[in-house]
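Heads up, the next two complexes both have chain A, just with different partners, chain B and then chain C.
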Partner chain A sequence: MKYSGKIEEKVFKILMVIATYSILAVLAIIIYSIFAKGIKALSWEILSQVPQGGYYYGKGGGILNAILGSLSLAFGATLLAFIVGLPVALYINVFLVRRKKLITLFRFILDLVWGIPSIVYGAFGFSMMILLGLQTSLLAGMLTVTLFILPIMIRSMDEILQTVPIGLSEATYSLGANKSELAFKIFTRQTVSGIITAILLSFGRAIGDAASVLFTAGYTDNLPNSLMEPVATLPLSIFFQLSSPVPAVQDRAYASALVLTLIILLVSLFSRGLGKRYHKTKINF
Partner chain B sequence: MYLLNRIQRHRVNYTWMIVSLLLVASLPFLLFLGLYLKSFLLIHDYHLGDLLFSKVWKPGSGKFGFYPFIVGSIWVTLLAMLISAPICLLTAIYVTQYTRKRFLRIMHPAIDILAGIPSVVYGVWGILVIVPFISRFVGPLFGVQTLGYSILAAALVLSVMVIPFILNILIEVFRTIPVELKEASLSLGATQWQTVKSVLVKKALPGIIAAYGFGLARAFGETMAVLMVVGNVVKLPKSVFDPGYTLPALIANNYGEMLSIPKYESALMFAALILLAVSLFFNLVMHFFIDRYNKFSA
Partner chain C sequence: MEPTTKIHIENLNVYAGKQQILKNINIEIPKNKITVILGPSGCGKTTLLKCMNRLTDLYPELKVTGKVMINDKNVLEAGEDIVKLRQYMGLLSQRPYPLPMTIYNNIAFGLKLKGVKKRRNLHKQVVRYLQQANLWDEVKNRLREPASRLSIGQQQRLCLARGLAVNPEIILADEPTSALDPISSQYIEEKFVELKNDYTIVLVTHVLRQARRIADFVVFMYLGEVIEQGTVEEVFGNPKMEKTKQYLGGTFN
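The block that comes next holds the complex of A and B.
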């Protein structure tokens, strides 16, 4: 009895080690395979040019249209989500701080919205677009992605705003400030690093998602120049190039995947670095 | 210095907050309503049971049977969960109970990166690694001829994608179990593994189930990565080596042609509505589950 227990413990411990390291190994394999395959096809031409004639049959050009398109779309969507998201997160944590039931309700709704798959946002965005008489465009894509990253933005800000100690609010009130001053002047400053992390997290999500822009942003070989025109995005350019039968075009898809991965890694690196930096304005208790 | 005085600024800020809050809070209802109205054309003309359980998918002749897609989605999702559920549980126990805190500091960035990789990149990885792996090794191992684009490939890719999501929740669950519980068990002479097995896992069970539920809902709606490796063949899969088709892939693949056939758009919006309903349902149930559990344990 005792002996078998020991064997059981040993077996499970080995299984646990295997499980843990297999996760790390899979991550390494993913990064390695994307890098190894992508680096071969990566060139200055791909990064700096838009697709030339016959690009999708293996002729010259690059994916600058998709890179700039993705950046502008993600940037716009993150900005919009910030404008709508920050006040919501602040409202929950400053105005509703004594109404526990309402807080729970709103957090619950946000979690629900967070769980909705991005393709559903894409389909919804598409039907709204038709309703409003819009074409596939940067604006439509931006609005759809905004809806998609909004819950992510709010919930991550909410997590950090919860950590602001009650003493800080009391001190602020005692100096005669009103609630919105407390929210926008004190809470935001106390949590700058967390808010930046939330913004970068949302930006990463916005730039990497394909399913929500598939219907709404369209695709074009031109650089983005107007809100009302279609725009190319990196995930979709990877997807389209990969479905080509021409090997040279497929290789470019791998290079594009590498570019997207690098952008994502850079963003996550930034958010780690920046989080440590902005501690100056923070009051420690 | 300011255009408005303090009180006016407060009012502006307050309005801004309320408007944003209402917008966000109404989002799930707006989504549901929008998709319902769009798919009304289809729901109105067909029997709901026929739509969900008919096997014939011929939009050209007005036959919309979602059964192959629903079955494909369920296969892929369940298989993915079957793979990642034990791995996540074992890893969560290992990093919270058996290793030092420092190890978590390596694990957390790794989980974050896994969570941050876009689904298209997962799809590329699936095509580069998983699909050849299945067609060259796993298929022959079971004596099956397969191209590699299959239910199994989609499930494998998906299982990696949901790992960071489930693992994060599980680690949180195990970390919030009071340490006294563990100490009491150890002081009574139980070994570490006995403590884990009969105290910690028992205590964490509702949290574990909830983590799996959230992961399942996540996996069900995943689009691009699955679309790229699942094969996209409309038929009922007989084995995991068969190609399949999932609901999200259906929507994503046909957005181009949907405007040319009557009711096609409506049908795709109906697929989105199913996804939305499944996602909302799972998340609702899991939330109530956690709430009940929190009430009892407190």
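The block that comes next holds the complex of A and C.
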């Protein structure tokens, strides 16, 4: 009995090690190939120009349309999701404290919709557009992405708000504060760096997703100039360039992927740094 | 002269599910005195204190019945005015919880809730309460720093200043010295003795010596019940109940 238990443990340990390192290897290969192929095609031209006619067949130009399009779409969607999400997360943690079952239900539903693939949000956004007779546009894409990142935004802020010690709520109430004052003046301040982390996390998801913008934001070679016009996004730009028969254009797709990866990397490093600072200040008292 | 009653607790029961945490509590807390609630860990002292300003609201699992009368109002039945009622009672908890803002704003926060708006007036009062809590000299050059940078002892004095700033009539203190060094503890004790001229103080502790040093009245609790209450001379000098004798004699099990 004892002997076989030991063998089992060994086998599982080996499997775990293999799984861990093969995943790391795959990730390394992906990142390496993006860098290796992308860095060749990366140039000032590609970063600073919009596609010229015939760009997808090897003519000159760049992906500024997609960079600015993705940034403005993700920025708008993150802002909207924050404006809606923060009050919801505060409501759950400050106003609903006495309704344990309701809170559990809310969290369960949010986790459920978090798991829905983004193509479903895209399809939903598209059917709403048909219903309202709207064209693909920056606005439609923004609203769809907002819906897609809302559960991420709310639940990650919710997790942070749960770390506020109950003693702090007690202290605040005993000074004569009401629930809104506790929520907006104390909870938000206490968790400010965690909230920023939640925002950056949501932004990363917003900018990297292709399926939710596929039918809703459309695509264009122009720079974004109106909420009601279609807008280019990096994931779709990568897709179109990669579909080109011209190898040089495919390399540009990798350069675009590199740009997207670097944006997400930057955002996530930034939020990591904030997370560290957050934990430091927490130990402080 | 008979002291007048400030807080009157009648048939107070607290349940957490099937467990009964407080059993039929009846206490009179006299005005402008220090009433010490004494008892071993887990006997319900903190819960009793939380009933007085209804922080029990924050714990959905707790069910509270009975009466806690303060200024002829039953705290347990108060509606929205519980927010204002809580300002009658300053709270000092076991561990200091400074508000996540500057030292200055920790005091100003409560003042603003009370409607103090003018900057000069605000500043004057912040200074005054920091002085009253003997913190002014240590923080006068760092008022704009986050309060979390202060030492624990300083934070506890900040919490005292913050509580006094909303001008309460009662101070509820839950083992306020248990996390502090001896010097900070002694300071808080001395401050309480000084403050009782203007405030009614309810102090929870399990430290016998502390109770003996500063109590006027003592309520001895055990397993959710009040075993004995009376003046410090009565309870310490001539305890009537067996449990009290055991606890005071240190032969408690």
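Points worth noting:
The rule we apply is simple: the second predicted complex is superposed on the first by the 263 of 285 C-alpha atoms of A that agree within 3 Å, B and C clash if a C-alpha of one lies under 4 Å from a C-alpha of the other, contacts with A are read in each partner's own complex, and residues count from 1 in each chain.
Convention: a residue touches a chain if its C-beta (ideal position, glycine included) is under 8 Å from a C-beta of that chain, and two chains touch if they have at least 3 such contacts.
Model, not experiment: these values are computed from the prediction.
Legend: residue contacts after superposition of the two complexes on their common chain; A:Phe106 is shown touching chain B, with no touch to chain C.
Taking chain A as the reference, the larger set of touched residues comes from B, when chain B and chain C are compared.
When the two complexes are overlaid on their common chain A, residue A:Ile7 makes contact with neither chain B nor chain C.
By the document's definition of touching, of the two partners only chain C reaches A:Thr172; chain B does not.
By the touch criterion defined above, A:Glu181 reaches both chain B and chain C. By the touch criterion defined above, A:Ala19 lies against chain B but remains apart from chain C after alignment on the C-alpha atoms of chain A. Looking at the shared chain after the overlay, A:Leu132 reaches neither chain B nor chain C. When the two complexes are laid over each other on chain A, chain A has residues 178, 181 in contact with both chain B and chain C. Interface residues of chain A, counted against chain C in their complex, comprise 97-100, 165-178, 181, 185-186, 189-190, 192, 281, 284-285. On the chain B side of its complex with chain A, the touching residues are 6-7, 9-10, 13-14, 16-18, 20-21, 23-25, 27-28, 30-31, 34-35, 38, 86-88, 90-91, 93-95, 98, 107, 109-110, 112-114, 116-125, 127-129, 160, 163, 167, 191-194, 214, 217-218, 220-224, 228, 248, 251-252, 255, 268-269, 271-272, 275-276, 279-280, 282-284, 287.
For chain C in complex with chain A, the touching residues are 50, 53, 55, 57-58, 60, 83-84, 86-87, 89-91, 93, 95-101, 109-110, 113-114, 148-149, 155, 159, 162-163, 166, 172.
Only residues 5, 8-9, 12-13, 15-20, 22-24, 26-27, 29-31, 33-34, 37, 83-85, 87-88, 90-92, 95, 106, 108-113, 115-124, 126-128, 147, 150-151, 154, 178-181, 183-184, 204, 207-211, 214-215, 235, 238-239, 242, 253-254, 257, 260-261, 264-265, 267-268, 272 of chain A touch chain B when the two sit together in their complex.
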